[in-house]
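Note that chain A is present in both complexes that follow, paired respectively with chain B and with chain C.
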Partner chain A sequence: MQLENFLLMRHELLLLLLALLVLVFEIFTDDGKIHKIIPWITGLFVLVTFAGFLPQTEGVLFGGMFRITGMQIMMKNILNVGVAIILLQSAVWLKKPENSGKISEYYILLLSTLIGMNFMISSGDFLMFYLGLELATIPMAVLAAFDRYRNNSAEAGIKLILSSALSSGILLFGLSMLYGMTGSIYFDAINANINQSPLMALSLIFFFAGMGFKISLVPFHLWTADVYEGAPVSVTSYLSVVSKGAAVFIFSIILFTVFDKLSGYWINMVYALAILTMTVGNLFAIRQKNMKRFLAFSSIAQAGFILLGILNASEFGMTTIMYFVLVYIFSNLGAFGVVSAISYFTGKENMDDYDSLYKNNPKLSLLLTISLFSLAGIPPFAGFFGKFFLFMSAASQGYYWLVFIAVLNATISLYYYLLPVKAMFINKSETPLPVIKSDVYTRIALILCAVGIFGVGFYSPVYEWIYQLVLQFGI
Partner chain B sequence: MMLTASQFMFYFFALAIVIFSILTVTSQRILRAATYLLFVLISTAGIYFLLNYQFLAAVQITLYAGGIVVLIIFSILLTSHVGVKFDMVGWKKRLATGIAVAIGAILVITTILQYQFEASTEAARAVEMRWIGLSLLSYEKEGFVLPFEVISILLLASMIGAIIIARKEEKNESNN
Partner chain C sequence: MDGNMLVTMFLVAFVLVGGALVFSHFIAPKSVNYQKFEPYECGIPTKGVSWLQFNVGYYLFAILFLVFDVETVFIYPWAVVMKEVGLVGYIEILIFFVILVLGLLYAWKKKALTWA
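On to the complex of A and B.
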């Protein structure tokens, strides 16, 4: 193995370097000065994000355990963009006095979960896939419990670790059956030896259930709302956007490339879960009064829409999934950015508190409106194109009833996405929230989201670019 | 039909695993549950010995039975009152759980028994330490150096996480 082959692992190595830098900085800095790391690490991460877009060769390392293709690089870049925005949004929260002792730990934990996701996306066997998944989950539970002096943050941590331990157990049981039948942990060897026996179907179901927990599909979603509500807002947005996106990517890669011969089984499962997830997520979202819980259930419903793309096991399906996740990152982070800015500066998180927000904070209200419109899929915004392509990919396989139900659900979602908009612009309030003067980081993050919501939708080469990369990967 | 000695040992260990596993999750005292878990892990090591896989058996005993159970017992002793007896859950819940578990177990067991596993064509051989060491550090196919390194990142992150969770927060305790 040549030393320069390590450059194929550029994303992972850069992130690891960054995490180690934070560690060293922490050792050599006085306790009171650690907050100085915030601009540095944010800037360096933006550089890492740009470096991810540099051209890179494709290849296979470690005897097939690590695979890198243009599509996987793109997936990692999409995640990096999301994390860059989240780091910008979390700067103001990290500067609060109660976090002064654990700034660097926040970065180390966040970066290590991202490294885990990257390894998971690049995995060529189930061992690396599982390790990446755990690396993306265990530090995440600590992040959820970051405000541990708040009871519900500690609760979020323990709920996340317990439910993910259970789902990992189910997943591993399925994988061990798979190993027993095929005698290998490598994706290509398993794919070559796959058979149509009931045991194979059972192992697929267990794998599916384990991943269902991570993506929070109904009926595996019960942990989601409590964890999202209890965790700090930055962590919630990380969980609902980046973590979910990574799980969706590897889930579809494995279904399309390893279990492709079993599509007769999993197409039906995806079909049923898509309907359940969209509908249940929507019906619960309508009733939520807390903005974080509201966005949690809306993100469950969005996961149901993503499943429409998985139904089309082709280049087209994969492209729509990646494109949707990219759009979803901008829209959801825009919404979370506004919610977190309001939460940090006023401590208010309920929808009633948003009454007449427009009066004192027109820019924030406008951005939240754009983001919610994009999430709902209203035309000029990127969210519309994301949903439209997903519907098209399912319709091209002939699933008209499913698309019909999805359109119905999109209409229902329009209702509840408009509720906060109505609160901000129409509802009268005696005591609207005061003028919120957000800091530079938050502003940059929100502007980036706004640019993304408009740009990704109108600039069609983005979609074409992803499509070409997926074509090269070959599904 | 007479059982051979190794068959007898297999059933002995298997029965021990099943019984102690059930006791682990049904025990009302947490320290007893941890002790039952110890027996489960030791019996599992016994099955590895039967399979002639001494290395894994040794790992199982030193790491799991020796290390992890001791860790669990320590954390129980440090954090909770050992004498506490957990309340039994209501019979409705127990019935529902029992039915769900029974259905799941029957489904999985019948499916596994139905499947015709192919016997490996390779001759059984003792696993040499040298071979384990080489494959652990090999970067070719069937080599495990990458997972080995990734686990070290996982352990580092987990340790930092554990420190965050366990550390006292001096400033806030005075404020609140």
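On to the complex of A and C.
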């Protein structure tokens, strides 16, 4: 093997270099000066994000364990964009005095999880897939427990690690049965030897349940709200957007390429779970008063919508999933950015505290409004196109009833997405929140989200570009 | 493997495991005494409670030990095939070393090596 072959892993190597750079900084700087790395690391990560878009050759590494194609590069770039926005949003929070001793740890843990997700997306066999999954999960639990002196945060960490351990166990059990029957852990070899036997279906069910935990589909969603509420806001946004996006990507790749002969089984499962996830997520979101819990349940409901794209096991379905995740990153991070700014400057996280927010903070209110409109899928914003393509891909396979239920759910979701908007613009409050002077990082992040919400929706070549890459991959 | 076979195998597994438990419950000789329920401590009677807190420093040392223990596991296979993998393998193991050393330096910086 030649050393230059490793350049195929360019995304992972750049992230690894960045993480090691943070470590070197941490070792050789005095304790009081570590906050100086925040602008450097944020800037370098933006550069890494841009470098991801440079043209790159496709290929296979480690005897087929690692595959890289244009589609997977695009997936990694989508995740990188999300992480860049999250790093910008978390800068001001990291500068707090109580975080002074663990700034570099935040970056190292976050970058490790991102490296894990990248390996997971590029995996060509179940060993690499599992290693990536664990690398993406274990540091995540540490991140969730980052404010360790807050009981909520420690609870979130322990809940995340326990539920992840359980789901990994279930997933591994399914994979071990698959290995026992096909004699291989490589995707191609498994796909060639797969058959319709009940044991094969059982291993598919275990795999499905294990991934259901990671994407927080409904019977497996119980950890989500507590973890999202307890973790720091920037970690919550990372969990709900980037981590979920990566899991959805690899889940659909494996279903489409490895289990394609079993689609008779998993289409039914996806169908049922899509209905359950959308409905339960929406009904619970209506009752939430805490903004973080509210966004957690809304993200469960959004995962249900993503399942509509998985039902169409073709290039079209894959494109709609990737496009929806891209749109969802901008919309959800816009909402989380505003919630995180308000939570940082005033400590308030409840919906009642948002009454009359418009009076003192018109820009933040407007941004939260367009983000929520985009999440709800109201036409001029990108979220509408994301949902529209998902509905179209399900309808093109003839699942009209499912699309009907999804549209009903989109209507329900409109109600609760408008509740914070009503609070900000209509509800009167004696003591509205004071004027918030947000810092330059938060502003850049919020502007990026706004540009994304409008840009991805109006600029149709984005969709075409993703579609071409998926066509080259071939499903 | 068809469905009946699968069901049969599951049934056999349940019957074997459950049967063994139930069977041993009924035929095993029973002796109940105080020593049997003691936590094991080299045969000496236990003093105090066994649910006590211990210094987190032990944990840090255990982690560091684990890191360098696993390191040798990776180095042995490399040493066996060192000639075959050549320069590329050498550079790879050097990168591996550098990352490990950075980890040790980090532990040093964070005062994990001093017993406080």
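Here are some notes:
As a convention for this text, the second predicted complex is superposed on the first by the 475 of 475 C-alpha atoms of A that agree within 3 Å, B and C clash if a C-alpha of one lies under 4 Å from a C-alpha of the other, contacts with A are read in each partner's own complex, and residues count from 1 in each chain.
Everything that follows uses one rule, which is that a residue touches a chain if its C-beta (ideal position, glycine included) is under 8 Å from a C-beta of that chain, and two chains touch if they have at least 3 such contacts.
The structure presented is a predicted model; accordingly, all values stated were derived computationally and were not measured.
In the superposed model, A:I405 makes contact with neither chain B nor chain C. Judged by the touch definition given at the top, the superposed model places A:L202 against both chain B and chain C. Touch criterion met: A:I27 reaches chain C, while chain B stays clear of it.
Within the superposed three-chain model, A:Q2 lies in touch with chain C and out of touch with chain B [touch as defined at top].
Within the superposed three-chain model, A:R148 lies in touch with chain B and out of touch with chain C [touch as defined at top]. Look at A:V462: by the touch rule set out above, it reaches neither chain B nor chain C.
Residues 1, 181, 197-199, 202 of chain A lie at the contact with chain B in one complex and at the contact with chain C in the other.
Residues of chain C touching chain A in their complex: 1-3, 6, 88, 91, 99, 102-103, 105-106, 109.
Residues 1-3, 20, 23-24, 26-27, 181, 197-199, 202 of chain A are the ones that touch chain C when the two sit in their complex. Those residues of chain A that touch chain B in the shared complex are 1, 16, 61-66, 97-98, 100-102, 105, 108-109, 112-113, 115-116, 119, 127-128, 131-132, 134-135, 138-139, 141-142, 145-146, 148-149, 157, 177, 180-181, 183, 186, 197-199, 202. Contact residues of chain B toward chain A in the complex are 107-108, 111-112, 114-115, 117, 120, 138-147, 150-151, 153-154, 156-158, 160-165, 167, 169, 171-172, 175-176.
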